[in-house]
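Shared chain: chain A. Partners: chain B in the first complex, chain C in the second.
And then the complex of A and B:
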């Protein structure tokens, strides 16, 4: 059975930030684990999420479907047309994941940081 | 004279086998001398192709997926065969990369990645039913390790 570990942390930027540290491969068998965990923290009040991808060596299109869904959950009240997310950002993607982020154009939608403190303080 | 190395894998069509399939690509690619960056692309495109076969080909029905990987010069060729219902990738819309994420429809990313990260991606019907996806990645082999050269 495919597994994905997600550690939930909290940090304080200009607003409270929930940090989801993902460890494992995000594919069609595991992406729902990420999506469900994000839905859970959003349901309990999280409004700004930093997705730490430093422990993800593989992410296929299913992972991007999950990120897309998480972004939509966080921006459900926004007017259409907003391009860059102010509620969801990415931290420390590995090289293969960063390559797919760029190929799919997700770097247009999501800010990407290499340093956790800088990322948290950007919210 | 050269001795060709061929790597085959036959697995049940299940998302639970994606990890095993990526490991197979890693092992075969390493034996063929595929460079690391290309290996990442091959892992991705095979994972995407197999995922489509499982979700949209077999649609939950039991079936088998056969993978075949070999080198041809500096290229790697991977064939993915199934007995699932026929699949026409031209019916899949490309993702709208210039549209705001909130307004962007889901889907189409897997086929897009397959086309972007290979030099050739052919989707062929098989005699007797099923499909063969033939993926070619050129410039993938960084040494002659994939083809055991026998001195004359």
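And then the complex of A and C:
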């Protein structure tokens, strides 16, 4: 059975940031685990999420769809007009995942950081 | 363990656990146990083979075995299960093969031994027949359930395939100095690949579109029709202010570059806002080629880089100029420009090409595309045939997991064709 581990952490920058450290492959079988965990932390008050992809070696289109769904949940009260999400950012993608992000041009829509402190303070 | 199991008492225990023999009395069980033969079988050995005549049935004491038709697994069975009983009872050919998956201990009983033991006890005979019929009924039910599920799945696949085939262009514009060729090889499970080639109403340009909608199945096929239609409609009509202007004598002038950008932004915004909850996206390459000058304006929204194979041996990649479309309402795309010259070939494709895998799991890759395309001078059609042959031979016996869609365009300077 495909599994995805998600560790929930908290960091304080200019705003409180929830850090979701994801470990495993994000594919058609596991993307819902990520989406559900994000929904859970948003329900309990998280407004800014940093998705730590350092433990993800594969992300298929289902993973990108999950990230979009999370971004939508975080932005539901926003007025549209911003190109990049101010509530969802990505941290430290592994090489294979970074390559797919680049191929699909997802870096156009989301900020990607290599360093956790810089990422937390960017919100 | 093995010594203990050789005792008649332990053999009786093994036989008693078997559902198939549960109606048998002590005397019959004892007789069968005494005459059964114990086998130690290593993992990976095929014990009964489909189609062969067999005279033995087997009871599993320990280990796991697989019941199969060639590569297709019908069931995995283990301790307490029996196999080979049908062929023993009806003397017909074995209906399936059985192969051990781990080292196993089995008890085997010969047909003659079985009948002889049962002949002394009519009640036992009745119990065995009852158990066999019960099992037959279960098998029939299982087959029914499976075939209903399979039919529903096949039906969905068929609908998806039909939608996809319907939306590929039936014919493409013919221009004297352009040679166009296409390859579309659908995967078994419907994917969302599409391509389109059409002439603009307002400009002399030829529109070339290739795209890949994420996900699989009917959902992907439906979104494919949406992406494809929106791109076509917005480039044919949307950018002239009104579709009505198309029939009027006065046309607004809009540059090819504006039209291209507007079409992508309109399509993106429509899907990202109207279908936000679906999180469906597509990678799309959209180019507008001026057939006279060879100037190609393009937007590459998160799609595999098309490649220009120049007549002079050079290669140019048309890398992304923006992200995938359909997710975020506010997007930005750069319109880039490149010029095709005499004998140049533009090759566009979807990830079913570079991500085709061989049995070792290796990817065909962009590198192999470049190698296969190294010799210049082929027609567009020959180019695609060579590429498809290379993919097939690379893939070998591995399954095709995604659509393979390719479009090649060979340019010749007008008047020289």
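The working rule: the second predicted complex is superposed on the first by the 122 of 123 C-alpha atoms of A that agree within 3 Å, B and C clash if a C-alpha of one lies under 4 Å from a C-alpha of the other, contacts with A are read in each partner's own complex, and residues count from 1 in each chain.
The definition used in the following text is that contacts are C-beta pairs under 8 Å (C-beta built on N, C-alpha and C of every residue); 3 or more make two chains touch, one makes a residue touch a chain.
A quick note: this is a predicted structure, and the numbers were derived from the prediction, not measured.
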**Request:** Using the overlay on chain A, decide if chain B and chain C clash or can fit next to each other.
**Result:** clash
**Asked** When the two structures are overlaid on chain A, which partner does A:58 contact: first (chain B), second (chain C), both, or neither?
**Response** first
**Item:** chain B versus chain C as contact partner of A:104, first or second or both or neither
**Value:** both
**Item:** Greater residue coverage of chain A in the superposed arrangement, chain B or chain C
**Value:** B
**Prompt:** Counting only touches as set out at the top, which of chain B and chain C does A:25 meet: first, second, both, neither?
**Reply:** first
**Item:** chain B versus chain C as contact partner of A:96, first or second or both or neither
**Value:** first
**Asked** Where along chain C is the clash with chain B: 182-190, 236-244 or 308-316?
**Response** 182-190
**Request:** Please identify the positions on chain A that touch both chain B and chain C, taking each partner from its own complex.
**Result:** 61-62, 64-65, 68-69, 71-72, 80-83, 103-106, 108-109
**Fill in**
Residue set of chain A touching chain C in the complex reads 61-62, 64-66, 68-69, 71-72, 80-83, 102-109
**Message:** With touch defined as at the start, can you tell me which chain C residues reach chain A in the complex?
**Reply:** 214-215, 273, 276-277, 279-281, 283, 301-302, 304, 320, 322-324, 327-332
**Prompt:** Hey, which residues of chain B end up touching chain A in the complex?
**Reply:** 15-16, 18-19, 22, 37, 40, 43-44, 47-48, 51, 54-55, 95, 97-98, 100-104, 106-107, 109-110, 112-113, 116-117
**Request:** Flag every residue of chain A that touches chain B in the complex, lowest number first.
**Result:** 1-2, 25, 27-29, 58, 60-62, 64-65, 68-69, 71-72, 75, 78, 80-83, 85, 95-96, 99-100, 103-106, 108-109
